[in-house]
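Going in written order, the chains are labelled A, B, C, D, E and F, and every chain counts its residues from 1.
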Amino acid sequence: MLTEPVTPLRFNRLLLTGAAGGLGRELRTRLKRYCDTLRLSDVAPLGEAAPGEEVVTAPLQDKAAVHALLKDVDAVVHLGGVSTEQPWQPILEANIVGTYNLYEAARLNGVKRILFASSNHVTGFYKQNEVIGTDAPARPDGIYGLSKAFGEDVARLYFDRFGIETACVRIGSSFPEPRDRRMLATWMSYDDLERLVMAVLTTPVLGYSVIYGISDNQTRFYDNSGAAHIGYRPQDSSDRFRSAVEARQPKLDLSDPAVIYQGGAFVRTGPFEG
Amino acid sequence: MLTEPVTPLRFNRLLLTGAAGGLGRELRTRLKRYCDTLRLSDVAPLGEAAPGEEVVTAPLQDKAAVHALLKDVDAVVHLGGVSTEQPWQPILEANIVGTYNLYEAARLNGVKRILFASSNHVTGFYKQNEVIGTDAPARPDGIYGLSKAFGEDVARLYFDRFGIETACVRIGSSFPEPRDRRMLATWMSYDDLERLVMAVLTTPVLGYSVIYGISDNQTRFYDNSGAAHIGYRPQDSSDRFRSAVEARQPKLDLSDPAVIYQGGAFVRTGPFEG
Amino acid sequence: MLTEPVTPLRFNRLLLTGAAGGLGRELRTRLKRYCDTLRLSDVAPLGEAAPGEEVVTAPLQDKAAVHALLKDVDAVVHLGGVSTEQPWQPILEANIVGTYNLYEAARLNGVKRILFASSNHVTGFYKQNEVIGTDAPARPDGIYGLSKAFGEDVARLYFDRFGIETACVRIGSSFPEPRDRRMLATWMSYDDLERLVMAVLTTPVLGYSVIYGISDNQTRFYDNSGAAHIGYRPQDSSDRFRSAVEARQPKLDLSDPAVIYQGGAFVRTGPFEG
Amino acid sequence: MLTEPVTPLRFNRLLLTGAAGGLGRELRTRLKRYCDTLRLSDVAPLGEAAPGEEVVTAPLQDKAAVHALLKDVDAVVHLGGVSTEQPWQPILEANIVGTYNLYEAARLNGVKRILFASSNHVTGFYKQNEVIGTDAPARPDGIYGLSKAFGEDVARLYFDRFGIETACVRIGSSFPEPRDRRMLATWMSYDDLERLVMAVLTTPVLGYSVIYGISDNQTRFYDNSGAAHIGYRPQDSSDRFRSAVEARQPKLDLSDPAVIYQGGAFVRTGPFEG
Amino acid sequence: MLTEPVTPLRFNRLLLTGAAGGLGRELRTRLKRYCDTLRLSDVAPLGEAAPGEEVVTAPLQDKAAVHALLKDVDAVVHLGGVSTEQPWQPILEANIVGTYNLYEAARLNGVKRILFASSNHVTGFYKQNEVIGTDAPARPDGIYGLSKAFGEDVARLYFDRFGIETACVRIGSSFPEPRDRRMLATWMSYDDLERLVMAVLTTPVLGYSVIYGISDNQTRFYDNSGAAHIGYRPQDSSDRFRSAVEARQPKLDLSDPAVIYQGGAFVRTGPFEG
Amino acid sequence: MLTEPVTPLRFNRLLLTGAAGGLGRELRTRLKRYCDTLRLSDVAPLGEAAPGEEVVTAPLQDKAAVHALLKDVDAVVHLGGVSTEQPWQPILEANIVGTYNLYEAARLNGVKRILFASSNHVTGFYKQNEVIGTDAPARPDGIYGLSKAFGEDVARLYFDRFGIETACVRIGSSFPEPRDRRMLATWMSYDDLERLVMAVLTTPVLGYSVIYGISDNQTRFYDNSGAAHIGYRPQDSSDRFRSAVEARQPKLDLSDPAVIYQGGAFVRTGPFEG
C-alpha cells in the first residue's frame, strides 16, 4: 500500500468485483481509503465485511444479482470473472454474459465510469519483438483473451451509445515479482496497480481508453503514450528482479510459441483438443 | 445469377449456413454451380433438397449438431445466426455461442476456409462523413454489431492459432435495391454478392481478412483497397437507383443519429430500455 | 452543361458568390436547374437577372451586406473573393475578412451547408512527385494560398462549434482545357465541376470535408479516396489534351520551383519584394 | 528565473513582443542574460528601459512600426497580440494583420528565427481523452484559436518560401500554478517556459516546428516526441499542485463542452451571439 | 506494340540496358518510335543494329565501359544485370557493382532520369494476403532481391545528393501470359510495360519514386496509389487468363512458402546450401 | 566500464569483429566479463590475446576466413569493416562482400544472433529538424551509408528466411565526448554503448530490429520507442558537454548541407568527383 494516497478525491461508494482474487485482495485494502464505502463482490468467499465494506456474493451471469450489485455505486473496478485460460462454458458465463450484464447494470443504474480489467492476452498473438500501442487491434491468444476482447467491445459500445466511460486496462503480469523473463516486460507491481486504478478513476475525462498495465520496465512490448490523458506514471520497475530471473532462466527456446508471442504460454495451452 | 460463373474452380462440398434467409436464398441457387454438393443449413424450413443439395436443420448453439454440419466440407459460407438487432439472449445463442461452435467444428473437421458474414454494424458508430478502411477497429452500434465483432475476433484467433482462413465480410445492405439514401452508399447487388463470395472462396491466399460488402457505389463510407488480394471487383452500382431514392427521401434530419452514423437506424434502436 | 442533371434534388434558393468570375459564369447556368431561385453575387457586374435569378452586389468585407446576402438561402457555393495571387490588402479584405463574414452570416441566418472554393495553392509547397490525400496539412505557396488555408480553418471552426457543414474544394485548374503540363495533373473540366458541386450539395452527410477538384486525369498529385462519402466521380480526363500540351511544352526546367512544387508558378511569384 | 542559464550562447539583440503581458513580464527578466540587448515592445506601458533594454511601443497592425521593430534583431520571441478570446476586429488587427506584418518585417530585415506563441486553442476541439502529437491539424475553438492557426500557416509559408525558421509553441496554461483540473494537464511553469524559449532559440536546426508548451505533467493531452530535435526537457510538473486543485474542484460536469474538449471554456465562450 | 504511341514526346537518345533479355527484346521495338537513337547494350548478343539503333556490348561491372555507355544519353531504361536468382558472385558483379557503375556514369555524364528495373522480389517476404504500397520497406526474398534492394538505395542516394531522378519499377511478372495463380496478381502485359516505361520517362517530375509493375489485375498484392504522379494507367488485366490458369492449377498447398509469400518460389530457392 | 555488469547472463564465446577500431577497443575490455571466451578479429593488429581471448586476423572479404571465424560462436558483435566514408572499392569489399560473408557464415555455423553496427549515415539525408523512428526507410548519405543500408537488408533477409536475429544499431557518434553541436544530438557514451550491446545480446526475443545508438540526449533526431522490446535504457547524456561545445561552435551556417541534414559532413564529402 502506498505511503501516500495518490489523490485526495473520494468516492461515496466504489464497487470492486472479483475481490477474492489475487489482485482483488490487494485492492481491497488499497481502495478503502479512497471511498466511504467499498462494495466487494465475488463468487468465492470474501470473509467478513470490515467497517466501510459491503460484501456481496454475485455470480456475474446472474443478471438480477448484477443489477442489484451496481446500485448506488459511483464507479466500478471490474476484476470479476475468469482470469485464466479455461474451457468455453465458464468463460462464456462469467466473462461474456457477465460483462454484458455488468454494463447493462451500469446503464440502468446510471454508473458512468468503469475500469475493465482486460488482459495482455487480448493482444497475445503479437510478437515479443513488436512494440504495440494503445490502438493495437485485438489478436487474442485463446478463449480467455477472446472473452476480454469481447469485453472491450462491450465497453466501446456502451461509451459510444450511452456515454459510460471505461478504461480497458490490458494487465500484464501483476504479481509480487516477475517469475520469468517474459514477465520482466509485462510485470506490474501492486503499488503501480494502485496508481493506475486511481488514475483511471480520477482523470477528468476518460472516454473509452485502452492502457497497458505494466510498471516502468526496461524491456517492454507496450507503448502507453496514447493514454497520457489518464495520467498513469509507474514508479516501479522489474529491473531489480532481472538478475534473479535471468539466473533462474538463462536459456530460452526461440522456436517455442510461448517465447515468440507476447501472450507467452497462453498461445499454446487452453481448452483445445482433438 | 451471373450469366457466366466467376471461376471454373469447383468444390466438392460447400456449406451455406443461414440458407433460409434473404441472402441465403439468393446464394442457394448461385453457389450450386461451383460445387458438387451444396449443404444447406438453417433453423427455418429449407424445403426439399434439390439434386446436389443436402439440407440440414442445425441450431448453431447446438455444439454436436454444428460439429456434424461441418463434416466433409471444403469451405463454409456462414450467413447463419441472427441478422437483425434483437434481444441479448437469441443473439448470444446464435451469434456468440454459434460462431464459437462453428469455428471449433471447423478446427475439429479440418475445414480451412470460411466466409464469415460480418456486418457494417460492427463499425456502425463511425460517421457517415468518414471513410474507413479494412483495418478500422470495431465500433459496434448495438447487440447485433457486438456479436459480429465477437465473430471477427473468433476468426482472428482461429487463424493465428490454427491457420483457418476467414474473410470477415462486413456486409452493407444487400437487397434487390437500395431503400433510402444511406443505402446508396452501403448497397450491394446480389450479383456482386456472388462475385465477392467466389473471390473469397477462390483467392489463393486469404489469411485473416476484412472486406466491406458493397457494390461500386458512387458514394461510399468504405475503402476496400486493403483487401485487393481477395480480387473482388464489383460490377454494379447503386447509382441507377439514385434518382428514385432521392425523390422518395428528399430531406434528411442531420441531427438524427441514424443520419449521422454509418450504422443508420441501428444506432438508436435495439433492446435497450429503462 | 451536362445533358442530364446529376440529381433530382432541388433547392429553394442557392447562393453563388463570385458569380462574375470564370467558374462563376459557368455555374450560373448550370446551377439554375437545381433550384427555384439562384442568388448571384459579385462586386463585378453580373448583368440582368434572368428569370429565377437574383442579382446582388455585395463586397465580402461588408459585414451587413454579407449578412443580408445569406438570408433565406439553403446552401452556398462560395467562389467569391480574390482568386489569384495579389497584394495583401485586397486578399485580406475579400478572402480573410470576407470568409469570416460569410460564416458569421451563415450562422446567424441558419444556413447549414457551404461549398468553400479552396485551392491547390493551400498545398502548393508539396512537390509534384508527391501524392497527397485529403488530410494533407496546409503548405500555402503565397498570400492567396494563405487566405484559403484560413478559410478552411474558419470552416473547421464553424463545423466543430455550430454544425455548419463545409466541403473545402481544393480546386486544381478549371479551364476549358489544360494549358501546360502541370495542368494535365490539376485540370478539372466544367462538367466535372458541376458534378462535384452537386455531389457536395446533395450528399446526405458532409461534415467538414476536404476534396481536390480535379478530373480523372492519368497523372495526379492528389488522392481523393478519403472523400468517397461525397460521391464525386469525375467523368472527364485531361488525357485527350496530352499530345497537344506536350507538343507545345516539350521541355521543362527541373530546377524551376514552378516545376518542382505542386503550386506551379505561384511558388515564385507574388507580392513579395525587397 | 533559473539558477543556471540554460545555455552559454548569446545573442546581440533579441526582440520580445508582448512584453507587457503575463508571460512577457516573466521573460523580460529571464531573456536579458542571453543577449546584449533585449528589445521590448507592446502597446501597453512597459515602464523605463533598464540597462541593456530597448523599449518600443509598436501596434502590430502598423506595418511601418513593425518593420522598424525588427531592424537589427537576431531572433524574435513573438508573444504580442491578443491572447484571449475577443471580438473579431481586435484579433484581426493584432493577430492576423499583426502576424503578417511581423513575418514581412522579418523577411525584409533578414531575421531568420522566430518563436511564435501559438496556443492550445489552435487544437481546442480535440477531446480531453485524446492525445495529440505535434502534427495534429488545427481545430480552433474560437476566433483567438483561429488567429493562431493563421499565424502557424504564415510561419509555414515563410519557412517554405524564405527559409525563416519558426517554432510554433502551442502554449498550454503558463501561470504561477494550475487553477483547475484541466490545467493539471496543460500547465507550464515559468522555468520550463524559459527552458523552452531558449531551446527554440539555440537548437542548431529548427525548421518549421510545432511543440506544445507544457511542463512534465503526469496527465497530458499532448505528445511532444515529434519535436525532440528542439531539445526541450521540462523539469517541473503540475503534480505537486494536484491535491490542492482536486480539493478545490472535486466534481466535473462531463456534459460540459469545457470539460469534454481540450480547449476548456474557450469552446463555449467568445464573441458569438444571436 | 501499341497502335498509338503513348506520347508525342521524343528523346534524342535513349539507352536500353539488358536489351537481349525477354523484356529488353520487347522494348527494343517499342522504344524506337520515342527517340531518334536507341542505344542498346547487353553482354549477350544483340544482333545487327537496325537504323536508328546503336549496339554496345558492355559488362556492367566494367566501370569504363559503363561510363562510355551513358555518354550523350537523355535517359536510361536499366533492365541490365542478372534477373533471376543466382549465386552471389554474378549478382554481385552485374547488379551491385553494375548498378553502382551505372549511377556513377549517369552522374559523370549528366544523365538525369533512369528507370531502374527493380523487382517484386525486393518485397518478396510480404505475404500474399497483404496489400503493400509504394512505401513498403524492402523484405528481399533472396540474393537477387537483395541486389535490387541495393539498387533502390543507390537510386535514393543519387537523387538526394545529385538530383538524378529514378523510378524503381518493382516488376511483377511480365510475360506473354500469367503462368500460375500467383501471376494472376503479379502479371504485367507488354503493352502495359510500354505504358509504364513511357509514363516514367515523360512525367514532368519524377523524383525518387517506387511503383509496382503490374497490369490492372483483379487480384493484387500491390497498391500504386502513392505513385499517381507518374501517370501510369494500365489497360490490360490478367482476368482473361483466369479460367485457363485456374483449370491448370486448381489446388494450392497453403503450407508452401511459395504460396504464402509474395515472392513465390524465390523464397525457397536460391544459392543457399549447407 | 560499468561498475556493475548489466546482466548475469553469460555466453560461452562471443565474437567481436573490428576489435582494433575505436569502439572495438572499448568493447574488448567490456565484453570480456560476459563470456568465457571473447574472440576478436580485425585486419589491423590486435596485440596479444589476453586470457580468455582469441585473436584472429580475418579480412571480411575472405569467405573461408569468415566462415572459420564464426565457428562455435554464440553471438556476434559485428563492428568490422570500413567505418568512414571511403572510395567504393574498399567499402565494397569489407562492407558489402564482408557482410554477406558474415551472414552466410552465421547461417552455416548456426549462429543465431548478431548485433550489426549500422550507422546514422543510413538515414543521413533526413533533416536535423525531423525526428525519425526505428522504421525510417534508408536515405543513405554516401557510399558508406549505402553499404550499411545493404547490411541492414542482408540482416532482414537472413531473419525472414533463416531466423537469424539481428539488431541493426544505427550508431550516432560514439566518442569520449561530443565534438560539435550536431553530436549533442547523436552522441553515445561508451557506457551506454555497453548497455546497448548487452541489451541486444540478452533480450529474450530480438527478431529483426532497428535501434538508434544514442545516449539520453536532450536534443535528438531519433525516436527509439519502436525498439522498447530490446530494453535499452541509456543513462548518460550529452547535456553536460553542452556548454563547452556551444562555446566552441557558437555559429552555424544554416545553408550548409552538413548543418541541414542529419548525416552532417558526410552528406557533402566522399569519393565523388568530376
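Keep in mind that, in the parts below, a contact is a pair of C-beta atoms (placed from the backbone, for glycine too) under 8 Å apart; a residue touches a chain by one contact, two chains touch by 3 or more.
All values reported here derive from a predicted model rather than from experimental measurement.
Peer 1: Counting residue numbers used by both copies over all numbers at the interface, does the chain B-chain C contact come out same (over half shared) or different (under half)?
Peer 2: Under half of the interface numbering overlaps between copies: different.
Peer 1: Among the listed pairs B-C, A-B or E-F, choose the one whose interface is a repeat of D-F, with over half of the contact pairs the same by residue number.
Peer 2: Overlap exceeds half of the contact pairs only for B-C.
Peer 1: Measuring from the mean C-alpha position of chain C to the mean C-alpha position of chain F, what distance in angstrom results?
Peer 2: Here the centre of chain F sits 52 Å away from the centre of chain C.
Peer 1: Measuring centre to centre with CA averages, how many angstrom lie between chain B and chain E?
Peer 2: It comes to 40 Å between the two C-alpha centres.
Peer 1: Counting only residues that touch at least two other chains, what does the list for chain E look like?
Peer 2: 225
Peer 1: Counting only chain pairs that touch, give me the topology of the graph as line, ring, star, complete or other.
Peer 2: other
Peer 1: Throw together a list of every chain pair that touches.
Peer 2: Pairwise, the chains that meet the contact rule are A-B, A-D, A-F, B-C, B-E, C-D, C-E, D-F, E-F.
Peer 1: In the complex, go through chain E and note every residue touching chain F.
Peer 2: 88, 92, 96-97, 100, 107-108, 125, 135, 137-142, 145-146, 149-150, 153-154, 156-157, 160-162, 267, 272, 274
Peer 1: Under the definition above, what is the set of chain F residues touching chain A in their complex?
Peer 2: 7-10, 112, 163, 165, 199, 202-209, 225-233
Peer 1: Which positions of chain D touch chain A when the two form their complex?
Peer 2: Touching chain A from chain D are residues 127-131, 181-182, 184-185, 217-223, 225, 242-243, 246-247, 250, 252, 254, 259-260.
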